[in-house]
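Order as written gives the chain letters A, B, C and D; numbering starts at 1 within each chain.
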Amino acid sequence: MFTTIYPQLIGLCTGTLLLTSALMVWRHSLLASIRLLSVQGFALAALVAVIGVEEGEVEVILVAVLVLLVKGVALPWVLARETHATTRTDEAPRLNPTAALLTVALLTILSYVVASRLLAGIDGVSAHAAPIGLAMVLIGFLLLVTRRQAGSQLIGFLVLDNGIATVAFLTSGGVPLFLELGISLDVLLVVVILYVFAGRMRSKFGNTEIDQLRKLHD
Amino acid sequence: MSFALWIPLAIPALLALLSLLSRSPALRRLSPVASSVAVLGSGLLLVSAALADQVPTLGGGLLRADALSAYMLTVVGAVGLVSTWGGLGHDSTVPARFAGSYDALISVFLAAMSLAVLADNIGLMWAAVEATTIATAFLVGHHRTPRSLEAAWKYVILGSVGVAIALLGIVLIYAASRGTGAATLSWLVLSQADLPLDPALIRAGGALAVLGFATKAGLAPMHSWLPDAHSQAPAPVSGLMSGVLLAVALYAILRIQTITDAVIGPDFLRIMLSVGGLLSLFVAAALLIRQRDFKRMLAYSSIEHMGMMAVGAAIGAAALPAVLLYVLGHGLTKATLFVLSGRILEVEGTPKIDAVRALLVRRPGLAVPWLIAMAALIGFPPFSIFFSEVGIIVAGFSAGMGAVVGIALVLLLVIFASLTRLTVAMTIGAPGAAAPAAVAPAAVAPAAAPTGVVPVVDAGASVTLADAEPHPDVPLVPDRSAHGPMLPLILALATTAVVAFIAEPVGTLLTRAAEVLGGIQ
Amino acid sequence: MTALEAGMLGQTLLLVLAVAAALLTPTPWRSRVSGTFCTLLAAAGIVTGALALSGGTGSLSIPTALPLDPLVLSPDRLGGLVMVVVSSVGVLASLFGIGSARVASASRTAWLSMAVFLCGMQLVPAATDVVTFLLFWEIMTLGSTALLLAHHATRGTVASALVWYSAMSQLSFFFVLAGFAMLAGQAGGTGFADLATIDPYSWQASVAFLLLLLGFGGKAELVPLHVWVPRVLPEAPGHVAAAMSGAMVNIGVYGALLVLVRLLPNGPAWWGVLIMVVGGVSALYGILQASVASNLKVLLAYSTTENMGLVFLGLGASVLLRADNATAAADAALVAALLLMLSHAAFKSTLFLGAGAVARAAGEMNLDRLGGLGSRMPWTAAAFGAAAMGAAALPVTSGFVAEWMLLQSLIHGSRVDGEVVSVTASVAMPLAVAVIALTAGLALLTFVKAYGIAFLARPRSPEAKLAVEVPVIMRIPLVLGALLVVGLGLLPGPLAVAVGGAVGPEFTPDVRTIGLAGVDARGIDAVLDPTTFVVLAGLLLVPVLIALFVSARRHPTRTSPLPWAGGGSRLRPRMQYTATSYAEPLVRVFDDVLRPSRDVEVTHVGESRYLVERVHVEQTVSDVVETRLYRPVLNLMQRAGILARRAQNGSIHRYLSYSFVALLLVLIVVSL
Amino acid sequence: MTGAAAIIIALVQLVLFVLLAPVLIGVIRQVRARLEGRAGSGIWQPWLDVRKLLSKNPVRAADSSWMLAAGPVTLLVSSLLLCALLPLVGTLPLPLIPSDLFVIVSVMLIGVVALALVGLDAGTAFGGMGSSRHMTVAALVEPTLLLAVYALSIPAGTSTLSLIVETRLANPAVIISPVSLLAMVALAIAIMAETSRLPVDNPSTHLELTMLHEAMVLEASGRDLAWLELGSWLKLAALLGLLSNLIVPWGIATDFSVLGVLVGVGTVTVKILLLGVVLSAGEVFLAKARLFRVPELLAGSFALGLLAVTASYLVA
């Protein structure tokens, strides 16, 4: 019974992941992006859970819970706290929305092309969905390159990270648990550090515009 | 011997805790030195084990010290010792509230690097490398100035993103290993030649992992964080980052390279590493020509040397011992230079090359070791970088990569000339021509730095300090103080000077370490 | 342990002692103690070299941590010869340094680097493999750089000389490194024995040859890699300049010999043509610049370029003739090149030491401000004069014999048994003879100018007027050098035999001693015995002297403070010809090559346009190679350097895009 | 045996040329004077000048050095060496020091250098000027000189001048070959320049700004001047002797016999004097070239020499 709806579930989850990523590129409001990130976290957790059920591994289910807690709840919450403290949260990205969305489309196509070559050797439904993960990585990178607010860059980084996690789960059912823990911890710490730095930035400059960080150059 | 695997992880961690909790500044400040000693000691222990053909493992093979790991651990310890010990004279301007965390983070940083080189699991290795980013983020931002904040932000963003790409690569390698039936990230297993790994996945995974780790290794075009971070971090941290953190990332690349070479042959990564290496050399050359800041100068020199090592890695087996010796030589030399640069920055109050002049006359205590270390850095014998470069270049021609090595030589020449020009600008000259140290950095526009007019005295005629115009702000009495402990610097330079001539055991160790990577059949 | 091994060990030991002496001796004693050790170090080099030259064997191996082929020091005959030459100059320079080093040149660094420099130079010719060669080569470079650094430490104005020197040295080093690496890659080993197995007609050998020619030519100060010379040597004290210009250049020649005699003998003819072109251009350009130089040390520095050009011309002729099967002439040309190298080492070091003595006595290197030193510094004048004769290749100095031999080999080269060997040779040889002849003519002018303006006539400045002879310890090397110049010229036979033996076993020039110590190059029918020549001149002198004495007894010489003097009465020293005016006709003749810039400034008296108060004429001859070849490249690089800053403009978005593009590229590449 | 014979011939040459050189100058001056419509001072005047100078007290400047005394002697000895070494009366080469082309040129250059240094040592503007111009010309003449004789040496296969003359004697066709003609013209121009004749230098002028040779000897007096003059004359005579023997080799002694030597002495005297007359006559119709046109002349002769050498390789 589960096996029949498994592909649909995977498709649903990955679809949500890609949609949220694309929406993040489209939306300029930081708060909206954080909400989308939270949704993405839930979708990722759901994806992991689906894979876990399919493979029947308890360990993977545990990982799903972990992902839910970290990516769906903790990180968006931290970010939202930081964002609420600011008065102005809207983003004036370096790329206009139309161009950005077009780029997203291009990147998605590219990741499909690339993945079709790379994953030729791996069978299964999940592997077919893997391009979504790659696309998320690239979209995250695009967010990093185009966004001017510290918070938005953080979100970009998290999308990128989610993308990698997606690829990991879809291609290999995730990495070993202890490693997943380590990776999650690392990501969490990076976000915390960036959060602290964003705080320092605000206290020094009064805002979190990345563009003002241009004192160091040759 | 397995206990020696614990030491470099546990002792620094304990010492980190201790320095967070301790109220004694002396104890706190000595703790990073003690951590380095612990790492160095266990490194030497493991080296002796490796020479006795033992391969200690721990945690079910999660940690494993083959000759290469032991060697790298020793390098981490040695460079750590030079940086931390040499940095003892470094006066922290940060409130005491943060001083404990500074010393604790250095210990954590050392532990993370030790973990990275000891891990047999490439996933764990990745986590450890990422942990170094986390540990050093606050160290880079330690000065809490807007500039150091900027450097730290760039460092964390660019570094994490880069390492994330490496994770993607590792994930793909892991996926490939699933195809063989037993999913594993153990390097030992993956690097077995007869493993039926999926070539496409390994190719992509290897490429992405190398690209990711290249970020931490400071290879162009992923190097952008490096000059900022190295120039803003406190000198000992810069020394550690430049001396070993880059090398640890290179180590990761070498490990990945072994895996991919076994599956898809050496050509793919050879091209990638050659391009990266040459690009790094090019970036370093282009940006050193008109460099204005001596810490950034050192940072770009690190990019250059990493580029050269990457070229060596691209050449493969024949060049590996030279690359490994390079790691040690560059690490020790660069740590020495960063420690010295910290002292110069402290006493001169400016990182601008134009503002620091006639150092040899005014401050021989700093200028003489600086000049010796620069000579080592630009590859003069008897210092080991000379042998490494010669070894890489000779191996390059033997491997049929004459064109790559030839381009590298052209770029090296530009770098050499630029470094010499900048060093001469800093050290040579009459004291009267120097800008007073009291001038605020911002006030010294590069073009406005007074060059002064020194009476031209012909060769053979006496030149004394009295010949130069006295300057009210500059004491004519030369400052012979080294402004900090001298012994670690002397030891570091002496080591790089003699290490290339020690066939036994260094030569054997290098050969063994290269054999681990499939070098020297 | 053989004597040779002991000699090499002795050199290393003496190096350690010299370094220790430099570091530990207190200032007042430092020059004496360190200088003595340096002299001993160089003397050990002479002994070792002589042992190797006379066929001694022995080897020292250097341990290394890298899995390279063994690093072995074991000089062969050729290496021994070069070692003797280099060390002899080292002895002269060190002795001179004991007396002349003051303040900056007597600092710890200076003496320490001197010892390192000497030891590096002396052991380069002992290397038997690529890495050892490069190792000592770089030690030599490091030593010389540090030596200059020690002298320039307090003088910001000459910092650029240091940068030029180290950059150009490194350029040479990289060329040599690339060339050797190319050969090693082809041969599969780094030992010279391995390298010698390569076919000189393979393209790899040719590429390596070009690289090595550039590298060694750079060390030998050949055009266009000579640009550091006129900047560096004038700023260096006499003994350092002597060691660099008298000894270090020989290492460049040794490198070329190593390639052309040991590693890739019997190379293609075009190698020879190329070397001849480089050598000929260097010789002409060097001597032209020297002839118009007003600074004595600049003049000597450019003259080195000239002499090395001639050496390479000889080497090139040897390669070309050998390729054309004119073996006897080829051998003679090789011997001539080596003789030129020997004689150059002798006279150039003496000249630079003489210049050092002048600098010390008069504090002045500008010939336009010297004059009349001959009567004030008779020893220096005599030694400088003898060496200048050598540099001008006048009989019976060593320079003459060498140039004679070279010309002989060239004019006999293009025909073997009445048949023209090749069209190339029959065009190249006359041109080479013409180049040598013009060079010799200009050298004559140059050294007449150098000696005549500096030592003859009347002082042109108060400093020159107050000059006094240098102390005995500095006179000794001067006189020794002068004796060498003349002595080597009187003994060409044994010298040619020794040199001919040194290039064996690859080549066996048929030269032998004839008469007292004359040379007989049988293959080319050339005979010369300078001793007989001197005897004949002496015999001819007898009647002249008798007439002279008879006349002198009857009509003694009168001296007058105001001789005829062109009929004038206000004969001031300033009215004499200066070095600049001496070279003026030549500058006009070679206007197109030298491109001098003249600046004439006329100050009029009051309002009058016709009455002139003073005329200031300034003429500068810049190095055309530098302004036309290096400046544009350097300017381009500077501009590129400024442009490159934009790549690192501080924007994290730009940095992220670099990574992003790299990632995309890698993704695209892996999926291809 | 040949050694002793060669020494005897060398001695004969020496004595002959010491006697002949002043006469040659006298003849040249006399011919010129007559051609210019003057009476002239007679062909023995140079001899009388030398005798006069030797019996005067030389005056030297207080600042001058030993060079002022040694230079003239050196010039004289170098010219004497030329007379001894060149194939003038006979072609027997001296043992161990054959009349090698390069040795001859070097010997000549010693004299050139001595003269230039004497000019400088005077410490006057004129001396320096003459010295400078003299050396510039010498530097430019040397390649021509070497190339010309090099071209002549090719048919003989040796650079020994005696053997070259012998070859020309044995094979007169060589003399009128185009190569030889080119080389002879080049050689003649070089010798004119080397011996300070027109059009390079006007030997009879004392107009300051055009002087070469005379400017250098201005400060010399008494026997110093005598040596200088005699040395220069000897050089001219020897080089004219060489030139004449190259053009018309007949009469020169190729082996030792009293008759042969006597014939050699006679023919070389006649040849030189004839050449002197031709030279003198030519000079009457020549104007001195501007100093800065001289290099063009020398470049021309250099080109001729080069042409001669390459032609002799490629044509022959």
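Going forward, a residue touches a chain if its C-beta (ideal position, glycine included) is under 8 Å from a C-beta of that chain, and two chains touch if they have at least 3 such contacts.
Here the structure is a predicted model, which is why all the values come from computation and not from measurement.
Note on interfaces B-C and A-B: more C-beta pairs are in contact across B-C.
Taking each chain's centre as the mean of its CA atoms, A is the chain most distant from subunit C.
Nearest to the common centre of all protein CA atoms is the CA centroid of chain C. Averaged C-alpha coordinates give centres for subunit B and subunit D that are 75 Å from one another.
Annotation: 41 Å between the Cα-based centres of subunit B and subunit C. Separating the centre of subunit A from that of subunit D, both taken as means of CA atoms, is a distance of 99 Å. Distance between subunit A and subunit B, defined via averaged C-alpha coordinates, is recorded as 32 Å. Of all residues in subunit C, those touching 2 or more other chains are 644-645, 648, 650, 652, 656, 659, 663, 667, 670-671, listed in ascending order. Residue positions 150, 153-154, 157, 161, 165, 200, 204, 227-228, 287, 290 of subunit B are each in touch with at least two other chains.
Residue positions of subunit A touching 2 or more other chains: 114, 117-118, 141, 144, 210, 213-216, 218. By the definition of touch given earlier, these chain pairs are in contact: A-B, A-C, B-C, C-D. Across the complex, subunit A is touched by residues 644-645, 648-653, 656-657, 659-660, 663-664, 667-668, 670-671 of subunit C.
Taken in their complex, subunit C has these residues touching subunit D: 291, 371-372, 374-375, 392-395, 400, 403-404, 407-408, 411-412, 414-415, 418, 420, 423, 426-427, 430-431, 433-435, 437-438, 440-442, 444-445, 448-449, 451-453, 455-458, 514-515, 518, 525-529, 532-533, 536-537, 540-541, 544-545, 547-548, 551-552, 554-566, 571, 573, 575-578, 581-586, 588-589.
Put simply, subunit B touches subunit C in their complex at residues 150, 153-154, 157-158, 161-162, 165, 200, 203-204, 207-208, 211, 215, 221-222, 224-225, 227-228, 272, 283, 286-290, 321-322, 325, 357-358, 360-361, 371, 375, 378-382, 384, 386-388, 390-391, 393-394, 396-400, 402, 405-406, 409-410, 412-414, 416-418, 420-421, 424-425, 427-431, 433, 451-452, 454, 456-465, 467-468, 499-504, 506-507, 510-511, 514, 520.
The residues of subunit C lying in touch with subunit B in their complex are 62-68, 100, 102-105, 130-131, 134-135, 138-139, 141-142, 146, 149, 151-157, 159, 162-163, 166-167, 170-171, 174, 177-178, 180-182, 184-186, 188, 190, 234-238, 241, 297, 356, 359-360, 363-365, 637-638, 640-642, 644-645, 647-648, 650, 652, 654-656, 658-659, 661-663, 666-667, 669-671. Contacts from subunit A toward subunit B in the complex involve residues 114, 117-122, 137, 141, 144, 150, 153, 157, 160-161, 163-164, 167-168, 171-173, 175-176, 179, 182-183, 186, 189-190, 193-194, 197, 200-201, 204-205, 210, 213-216, 218.
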